[in-house]
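What follows is a group of structures, each given as structure tokens.
In the two assemblies presented below, chain A is common to both, partnered first by chain B and then by chain C.
So, the complex of A and B:
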């Protein structure tokens, strides 16, 4: 016990010292660089930071609204896409093939291009019954792209559920749909929660891309302020806001993973 | 006040010219046009010795840049043509400083990179950058080579085309390019009820106007003429926006503290004084008037 305690405290001491050394080295290299004063004036201006925070935070609300709506939709559409792609038998071949084409296309094309193509292209068709609103089309583009990403996550989850699970369900008299709904999907979803949240963090950051359609969200507001003062501190404000919202989500994911592991291990012991 | 300054600078320059002429009279200097004392090309603080490197954004749009696409990688127009207002003014400045046309090099610099910290890849940057005291904390501006008004462009037959006052613009959806004083004008003086849209480029704003996603765009007046003449078939200049606050003016952007500014300013002062700038404005920017918005 004592031996263990002393080795633990030694490990802590080593961690503290090495962290300190690394940080000190970084600080020295950065602050001794020839352009440090210029860098400081351009990126670390406290006056600009505090003056602009509220305005940039308000622009960030646009991003928050977009990703909340898109996340909710993608949770459903991606699961449907994954199920379509997992449909068995030759009858469903065309549906599977279409799903594959869809996923390949929207995973392959850069998100910013999809946003531009939909946001500029569809209104250019001049169809009066279609909306022309930029936020609408930007959200549609993000739904299309992230449905492709997230459906692959779901599919991995579905395939990781052992076939015996479905076989058992079917032998109990459940239909294929019932087996999927009550046996396979619940297990699959639970397994893929960490990568799912990972994709959603990606989505949150990708909302900055909608600025290409002229929407004044956090990135565009940052650029506006930067161009007005020729100062880059606003980037730091935007970065702060993104980190403030993604760190809690990342910790939440860690906690979910840890809880899952605990439960599995507990199950094994029992 | 400006006129007085220009005249006195001119007198000083003329006197110095006389002295310099006697001093170097014996030698045949290739850069004999370097008429500004202390501003001979080899004495200037330049990115590349003996070459005046000028930054501009690509594509180079009329009426600021003219000529057909010729030199790579320039698009739409060619700054090397010497045609278009900013290209012509830049070559006139170069000539004042004693550079021949072949000693001028143009380099592509996106607007956002023109003011980022660190060494600049250009001696000066010219792409319709408006002076502001805030911006002047980060870079140096030359004296103005153009005083500018903003204007609203809409489409013929749409309600915005009938608007005659700033107040009348309030209810419309407007767009502008990011980082421009056009956008600042919308936000500060028009204050529309629906949020303005802000695009990466003027082209993207023009596309949104064509698509009917916005009712009007705000650009500087010379650009408005170009947009309505070339880019939007049914485009119309709704009107010229009145000056608010101080008169908006374009200046060349130089690295903070670059000693070149003194010489560039003298060259521009001369171009104002000898009528070159007025003449180039008449050539490239004079167009039929636009209605004034009250």
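So, the complex of A and C:
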């Protein structure tokens, strides 16, 4: 007990000291740099920070709306895509092939290009019955790209469920669809929640890309403010807002992983 | 007296690639009959059971369950499977469901029972096999013997006319084998028609009306247990049983 206690407190002491040394080194290097005073005036202006926070936060709500809607849709579309790609047998070959082409394409093209192509291309068609709202098409672009990413996550989960589970379900007289719905997919989804949330953190950051269409969301608002004052502190405001959203989600993901591991161990001990 | 056999196999062939696993199986089970399949690993016992349940398609021959050919074209395999229960060596319980949910899933979805009726039936079955207090547990909290008994109850909840048991005690610790075999003895006494692949020779002698010795995908010898275990005719059967005795399994 005492040996273990002292080695633990030693480890903590070492961590604290080394963290302090590293931080001190960074502070010294940065503050002693030749351009430090200009840097401070350009990026770390507290007046601009506090004055602009509310306005930029309001613009950030556009990003929040986009990712909440896109996430809800992607949860469903990606699962459908993964199921289409897992259909067995030669009859479904065309469907599987189309799903593969879709995933390859939208994972392969940079997200910003998909946003530009949809956001500028579709309104250019001048089809009156199509929506012309830029936020709508930017969201569609994000749905297309993230459906491709997240469907691969789901597919890994579906393939990780042992075939004997489906055999057991089918042997009881359940149809293929029932076996998928009640036995395979629930187990698959449970296993992929951490990597799925990881992709959603990426999606939340990628909402800043819709600014290329001129939508006044957080990045665009920041650029407008920067152009008006020639001060870069606004970037720090935007970064703060993103981090406020993504860090809790990252910790939540870690907590889910740890909880699952604890549960499995508890199960094995019983 | 019923004349339709519970199960008929005629010239059943099955290959995996170039490997011929079943090479012309003929076998008939009368209603209420208990037949044990014995034989070395790889002799085709498990494959035979999986073919009867249409989990594996067969290459040639016929399988007829209660007068209905299951290997024909356009047969609703889901309906056939509701009539045939199968229990696997590795239990294959659904780990994300409680015991009660494991047992009631198929009755609710495949037999169309309401949740309350399915729960009632499941609780009766669980109580009959000493599992009433486990209804809300998850499979990974149960011992192997308890899990296998739940798997048997899950199959019985579909009220099958035929039960297939695929080496259901092979994955169990020795001290847990008896509780599972007791369940099967009780089912045999109750008149359940069963086709059982097993390595438990004393159990086979005890419970089976007929024993079939499988060797290299064929039924080499069959007869009442006294005959097969007491005075086997075929040399391969004698060798197999001698190895079992030498291994202390009989």
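Just so it is clear, the second predicted complex is superposed on the first by the 270 of 270 C-alpha atoms of A that agree within 3 Å, B and C clash if a C-alpha of one lies under 4 Å from a C-alpha of the other, contacts with A are read in each partner's own complex, and residues count from 1 in each chain.
Methods note: a residue touches a chain if its C-beta (ideal position, glycine included) is under 8 Å from a C-beta of that chain, and two chains touch if they have at least 3 such contacts.
The structure displayed is predicted, hence computed values, not measured ones.
S.K.: Evaluate whether chain B and chain C can sit on chain A together after superposition, giving fit or clash.
M.R.: Partners fit side by side after overlay.
S.K.: Could you read off the angle at the CA centre of chain A, spanning the centres of chain B and chain C, to the nearest 10°?
M.R.: So the C-alpha centres give an angle of 160 degrees.
S.K.: Based on the superposed arrangement, let me know which partner A:183 touches: chain B (first), chain C (second), both, or neither?
M.R.: Second partner only.
S.K.: Going by the contact rule set out at the top, does A:175 touch chain B (first), chain C (second), both, or neither?
M.R.: second
S.K.: Kindly classify A:167 by the partners it touches after superposition: chain B alone (first), chain C alone (second), both, or neither?
M.R.: In the superposition, A:167 contacts chain C only.
S.K.: Could you grab the smallest C-alpha gap between chain B and chain C in the overlay, to the nearest Å?
M.R.: 49 Å.
S.K.: Taking the complex as given, what residues does chain A use to touch chain C?
M.R.: Contacts found on chain A: 164-165, 167-175, 178, 182-183, 186-187, 190, 264, 267-268, 270.
S.K.: In the complex formed with chain A, which residues of chain C make contact?
M.R.: 53, 55, 78-79, 81-82, 84-86, 88, 90, 92-96, 105-106, 109-111, 138, 140-141, 154-155, 158
S.K.: Inside the complex, what are the residues of chain B that reach chain A?
M.R.: 111-112, 115-118, 132, 134-135, 137-139, 175, 178-180, 183-184, 195-200, 204-205, 207-208, 210-214
S.K.: Which of the residues in chain A come into contact with chain B in the complex?
M.R.: Spelled out, the residues of chain A in touch with chain B are 35, 38-39, 41-42, 120, 123-124, 126, 132-134, 211-216, 220, 223-224, 226-232.
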